[in-house]
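Across the two complexes that follow, subunit A remains constant while its partner is subunit B and subsequently subunit C.
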Partner chain A sequence: MAVNYDPALIGRVFETTDPVPVTAEMIAKFTEAIGETNPLHTDPEAARRGPYGSLTAPPSFAVTFRNGQHFFQHVPRFGKQGFDAGKDVEFVAPIHPGDSITLSSHVKEIYEKTGRTGSMVFVIVRSTLKNQNGEVVAHVDHRFMNRT
Partner chain B sequence: MAEIKTVKSYEDVQIGEALGPEEMYLSKDQVRSYARATGMWVPRFTDDEGARKEGLPGMITPGNMSLAVLSKLVTDWVGTSGARMIRLGTTYRQPVLPDHTITLHGFVTHKNDDDRTAEMDVWIESDENERLVIGTATVQFPK
Partner chain C sequence: MSTILDLHSHSEASEDSRAPLEAYLNWLKLRRAERPVDGIVLTEHRQFNGSADYRALEDRFGIMVLKASEVETDYGHVLVFGVTDEMTRRFDFANVRLPAQEVIDEVARMGGIAVPCHPGRPNVGLCEHYTRKPALENVIAVEVLNGGSRKGEDERSEELVRTHGYGAIGGSDSHLVSLIGLCATRFDADIRTIDDLVRELKTGAYEPVDFRPRRKPVHHAVAVEVK
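Showing the complex of A and B:
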């Protein structure tokens, strides 16, 4: 089966979210929920003496930023069912309390794979996170699997 | 409070070296606290009845939370040294059900001397020895 889609979809940013301010409280709730104990993420005093000079969010905090309301309308669907198959995250720079994060999303790649259970189409949507200075802090690739 | 060891330099990292294994009892309350902290308060992550209405066996752990515990496995291994996890990729193979003990595993698969990075496989194993979530991570060490 050939996967049919409009090639113009690839690489075009379809959505940029409003900035989300990151507070120390948000990071504290997150670290508590995952049982974080690394002082670089939990103890401002210790973090000041650490490699980043101040408290930073654990890397996985980067995946907690919500995509926009219309995100899923822009994710191409193939076949009957879609699943969240996984994520691939590139951590570019740490996120600090006081940062303000925006997400810009585009379809990065669409490809087909045939496995034991049949044919699957994967859609990779990349959300790039930037801080208030326009610096990229992370790329989050969402991998959606469709069974055809 | 778990002790965070300060890692070692790039030179100390051994191919085949283990991360963990670390046992973790993932309670429903902990999953709910993750859902609350990250704005994912939806039935599939917060209550069994609501999850069953969506065709699931019961409440499940958000994929992002599985990613977060694997991320923590790597960052605990890195410790408070200047080394940094620069990439983590995960594949969700099966739902992670709360109120079970999971085990976090990993081992170093490659070292790249040119850019002083180490790569590792990481995974979440169920109490029935099934790999529920698998992944790979890259850690960059300071020069």
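Showing the complex of A and C:
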């Protein structure tokens, strides 16, 4: 049995979050939590002289933004059970204090594969993070595995 | 002159690998004494990129890069060497239930060779399918050494080869940079192209080779007195 789904699902944005304002305090808390010491992310003066002209969040800050509250209702499911099979994050542009970040999510890909433990269907949901200027700052690909 | 090739590897073009080709080649260059492979074959899952050109990287690192594919069939996973446009038109490589016998016969008719890989692996290997279905015809070789095998899987593959008289190849099945070249195949002949490889797999002399480090045995327990 081939994996069956509506091809129109692919690429259609199903949810966009409200903008989340980014503050210097949020970045400071994040850098402290992960032990970040790079002055581009911790020292406004040093960052001002750096390549981005002001303080920026560490790249992994991108994964702190929550998906919309209906996100999981829109993740296609196959078979009887599944689990979160990981995330790929592509950092596109730095996030600065003062930015407002929105997430838009769509199903990027659905594919089937076989392995030691049987057949699986993978669903990739991409959340694209944009700032207040509509510039993409990151893509987060959520990988969900379903047992078939 | 002989040639040693890792016949089974996945770069970041496969959805479950994060290994850039450049990093594979750099790793092999740095570890030539431990893993003396002359080249690798990229066998990306369920796809074939006919237009990819790796000559610049080959020249830079002095390591050959050939292209093949790993497809999924009703008898498990199969490496297809010598992929042509005719093959990709004939078979949907993304289909995880390709008919294995048709793949073997049609690939051979179109000038390539299909080699079942990791046959000792549960669910996706020949051995398990042979317990329920008739043996495939026209199989020339199978992969008996696989760098991703778990305990007992390569041994089942060896038994399969003994029973059916198949030829035997080896490949790392690497999805991570550090695993490239751990298992490979030594050919008696000089291989420079995918056509050379297909010809030698069909009619030449070759054997799997294992470069995996062996753990040193512990001969004596040592008691340490703590004061």
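Here is the rule we go by: the second predicted complex is superposed on the first by the 147 of 148 C-alpha atoms of A that agree within 3 Å, B and C clash if a C-alpha of one lies under 4 Å from a C-alpha of the other, contacts with A are read in each partner's own complex, and residues count from 1 in each chain.
Here, a contact is a pair of C-beta atoms (placed from the backbone, for glycine too) under 8 Å apart; a residue touches a chain by one contact, two chains touch by 3 or more.
The structure displayed is predicted, hence computed values, not measured ones.
K.L.:
Give one of first, second, both or neither to describe whether A:87 is in contact with subunit B, with subunit C, with both, or with none.
P.N.:
first
K.L.:
Would you sort A:104 into first (subunit B), second (subunit C), both or neither based on which partner it touches?
P.N.:
After superposition on chain A, A:104 lies in contact with neither partner.
K.L.:
A:115 contacts which: subunit B (first), subunit C (second), both, neither?
P.N.:
Only subunit C; A:115 stays clear of subunit B.
K.L.:
First (subunit B), second (subunit C), both or neither: which does A:64 touch?
P.N.:
first
K.L.:
Have a look at where A:16 lands relative to subunit B and subunit C in the superposition and call it first, second, both or neither.
P.N.:
The answer is neither, since A:16 touches no partner chain.
K.L.:
By residue count, is subunit A touched more by subunit B or by subunit C?
P.N.:
Touching more of subunit A: B.
K.L.:
In the overlay, answer first, second, both or neither for which of subunit B and subunit C A:36 touches.
P.N.:
A:36: touches subunit B, not subunit C.
K.L.:
Across the complex, what residues on subunit A touch subunit B?
P.N.:
The contact residues of subunit A facing subunit B are 26, 29-30, 32-40, 46, 50-51, 58-60, 63-64, 66, 83-92, 143.
K.L.:
If we count contacts the way the header does, which residues on subunit C are in touch with subunit A in the complex?
P.N.:
Residues 15, 45-46, 72, 76-77, 94-97, 121-124.
K.L.:
Within the complex, which stretch of subunit B touches subunit A?
P.N.:
1-2, 4, 24, 30, 33-34, 36-39, 63-65, 67-69, 71-72, 75-76, 79-82, 84-92, 135, 142
K.L.:
Could you pull out which subunit A residues touch subunit C in their complex?
P.N.:
Result: residues 2, 111-119, 122 of subunit A touch subunit C.
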